[in-house]
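We just call them A, B and C in the order they show up, numbering each chain from 1.
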Amino acid sequence: MTCLDALRIDRLRKNFGALAALNGVSFAVAPGERRAIIGPNGAGKSTLFNLISGELTPTSGSVFLNGADLTREPTYLRARRGLGRTYQRNNLFLNLDLFENVRLSIQRILGTSQNILRPADRFEAVNQRTRELLRQMGLLEQRTALAKNLSYGAQRQLEIAIALATEPSVLLLDEPTAGMSPAETNAITALLRDLPRTLTLLIIEHDMDVVFGLAERVTVLHYGEVISDGTVEQVRNDPRVMEVYLGVTTAARV
Amino acid sequence: MIVLVLVLLVLFPLLPSSYALGVLTDVLIFGLFAMSLDLLLGYTGLVSFGHAAFFGVGAYVAGIVGIYGGPEIYFTLPAAIIAAALAALVIGFFSIRTAGVYFLMLTLAFSQMVYAAAFKAPFAGGSNGLAGIPRPTLGFGLGFADSIAFYYLVLAIVLASYWTLARLVASPFGKSLRGIKENESRMRSVGYNVQRYKLAAFVIAGAFAGLAGALRAQFNFFVAPDTLYWTTSGIALVMVIIGGAGTLIGPALGAALVQVLQNLISSYTERWPLLLGAVFILFVLYAPKGMIGLLEQRKQVDQETSTQQAKSANAL
Amino acid sequence: MSTDTLSFIAIQFLNGLAYSLLLFLLAAGLSLIFGMMDVVNLAHGSFFLIGTYVGLTIVRVTGNFWIALVVTPLLIGALGLVVERYLIRSLYNRSPLDQVLLTFGLAFILMDLAKWIWGANVLALPAPAALDGSVALFGGQFPKYRLFVIAAGFVLAVVLYYLNDRTSFGAVIRAGVADREMVSGLGINIALVFSIVFAVGIGLAALSGVVAGPIYSAFPGLDFQVLITTLIVVVVGGMGTYKGSLFGSLLIGEVQTFGQAFFPDLALFLIFGIMAAVLLIKPAGLFGREAVA
């Protein structure tokens, strides 16, 4: 294929002592694709995200973003190259208000964050963009609330807003709907579905309705290895997946 | 309220007590020192136990330049600020690589190294310290030799520094520092080069500490190696915590409280460090947000009681 | 090399060893408290100094060094129980910073208290009569007392290793350092473990203080010199590891001793240089575990 992958993972390994959390994982994600990463607990999904975002260094293997090798780059440079992520457990600025939580991302991408001379409130372009994003996320009314005082659902939305604010080209979403009510889950799913196709999404998710509602392709991890990779239909019908994963889940659900 | 405080500060030299003026000059100088530490402790979340290093470097450099170069303010103060900033750059470069308690230990250790160096350096007067430091002059026969003139110089510099620091913490850079204090790893993942910001904050805080140190040397005509000792870092830390970290004005209040108490108590007992340690521990245990925190609590209680009073008034 | 030089080097090596083992007792206590409780005890040097002073008072009263050697660490350890119970414990649910600040305030208080009780003069603890004088060694003279320090230090290092590695209390400690939540999940009384750890940690500091008394005289200010050197040892060796404390102490102790013998003006800067180099190459210390996210 001539088209450049948005994200390519090449034989990625991560050992914690004797334990191989990730055992040579390779896959590629095309630009604009919606890819779900599924697998039972302990399959290595969050480790995979931490390796992609640079919060962990791999034992071996490489990570490419839009064709550029990022394996040796620190987290903040990966973010500047267009990699965004959210966390499974809310990772917010708890003692800052909601507006400030998002503004920190916006002022970084607009390049004003090192300005030392003017009060932050006077950067109209930054504030404007922050308000727009908050409106889009339905969070604008709560903008003066401290992040720690928000409801769990709003915190989960803020988690996504902070990442979206950096205008990533590839966004890693680590269980975006974890712990949410069905109504909140639907709202988040709708919001993610409406994101522009210039953005590539990787989603770790346990809720199969969310997975099948959003993703075009699915990668299945099991004990640190890719056991299946294909369209939703292909993966659904893959006997190995049924055996180690979906079978168990459906049984448990019913 | 602010205007009242400013008016009092400006009119203070009208009081006939030169002793009180001296205490107030010291309060202002230590207020600046404590505010500079607050930029690290209260805004960036960097707990430096070695801030005396920069205070001391500023004091020594202002002294050495004043004695061997000349007392002109255009040389002594910039030299002190630049030297302190450079020292902060070097110490910061190493210390910033670590976090939390390691950072704390390293800054403490490095500052003790600077102390040892001052103790051994012949041009710094060794254990005798550096005496005969001149008050700054403006040239043309004008200067700040007189204690009232020097007080006004210190007042002007401290107010200007406060204004600058207040602006800085409100700027996007200052907001970034707050973000780092709150959640360093998230700042990284949205693309901030956290180390650079921390180092910049460390250098800026060092520069202001150096300025405070220079004023202190000129005020006393003297620097002792003790200026660099851990107790000086400790006292700055005590001022910030007692006053209220992350408020700028709190640490200045803390400096006032500590300096005034020290002057009052030292004439009755030698056990000042004991008392200071005890007061500090009480604040850490029962009022971790310092005096400013206590004032805010008080305000809230007042508001609540007044609303309650209004309610009961309505009921009647 | 002449035999004189060789003998000088051998004697210095032994001096360094005695010093290193004193450092080890300090570093092991500091590191234990940190590893278990996440508290960097900035009053550690103060407990060392108070240990020397209390030892001195006991020797003055009883005339017996050995009583001081045994009783002092127990007394200071008991003091540690009180400090842990009434001061540090109320801060466990706060940030580790508040606990550090508390120990810092404690250092201020202890510094002044010691000055109040024992004055500002340099005080020396007399070595026990049996260990007075020197023996011929490597063609030179070496104080008997320092040989005792070396022997006792090694015995203690082995005992600590055994306690840490082979006993069930040691297993609790090691598990607690690795994963505190797990230990409290096992139904172990974590508050009690913390009390014991803190008491043992500063008891070791006090023991080091008594043992050091006859070699290094006590004076106000020694508390912080000792604290700084101990901090450097654990930074170089790696916080919270037994091995790190041992090898860090040996390295820093010997370097400082030889540094003082050959370049007296630079000795202090030499150990700072080592610390800076270690931090650049291995920020977690020579034996420290890298943080796992």
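Throughout what follows, contacts are C-beta pairs under 8 Å (C-beta built on N, C-alpha and C of every residue); 3 or more make two chains touch, one makes a residue touch a chain.
Since the model is a prediction, treat every value here as computed from it, not as a measurement.
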Quick check for you: compute each chain's CA centroid and the global CA centroid, then name the chain with the smallest gap between them. B
Please name the chain that ends up farthest from chain A once chain centres are defined by their CA atoms averaged. C
Report the inter-centroid distance (CA atoms only) between chain A and chain C in whole Å. 47
How many angstrom between the C-alpha centroids of chain B and chain A? 43
When centres are defined as mean Cα positions, the distance from chain B to chain C in whole Å is 33
Give the residues of chain A that touch two or more other chains, as numbers and ranges in rising order. 55
Residue numbers of chain B touching chain A in their complex, please. 167-168, 170-176, 178-179, 182-183, 185-194
Quick one: in the complex, what on chain C touches chain B? 34, 40, 42, 87, 90-91, 94, 96-98, 100-102, 104-109, 111-113, 116, 224, 228, 231-232, 234-235, 239, 265, 268-269, 272, 275-276, 279-280, 283
Chain C contact footprint on chain B (complex, rising order): 47, 49, 94, 97-98, 100-102, 104-106, 108-110, 112-113, 116-117, 120, 230-231, 234, 237-238, 241, 271-274, 276-278, 280-281, 284-285, 288
Chain B partner contacts - residues on chain A that touch it in the complex: 53, 55, 74-77, 79-80, 84-85, 91-96, 100, 103-105, 107-109, 112-121, 123, 126, 162-163, 165-166
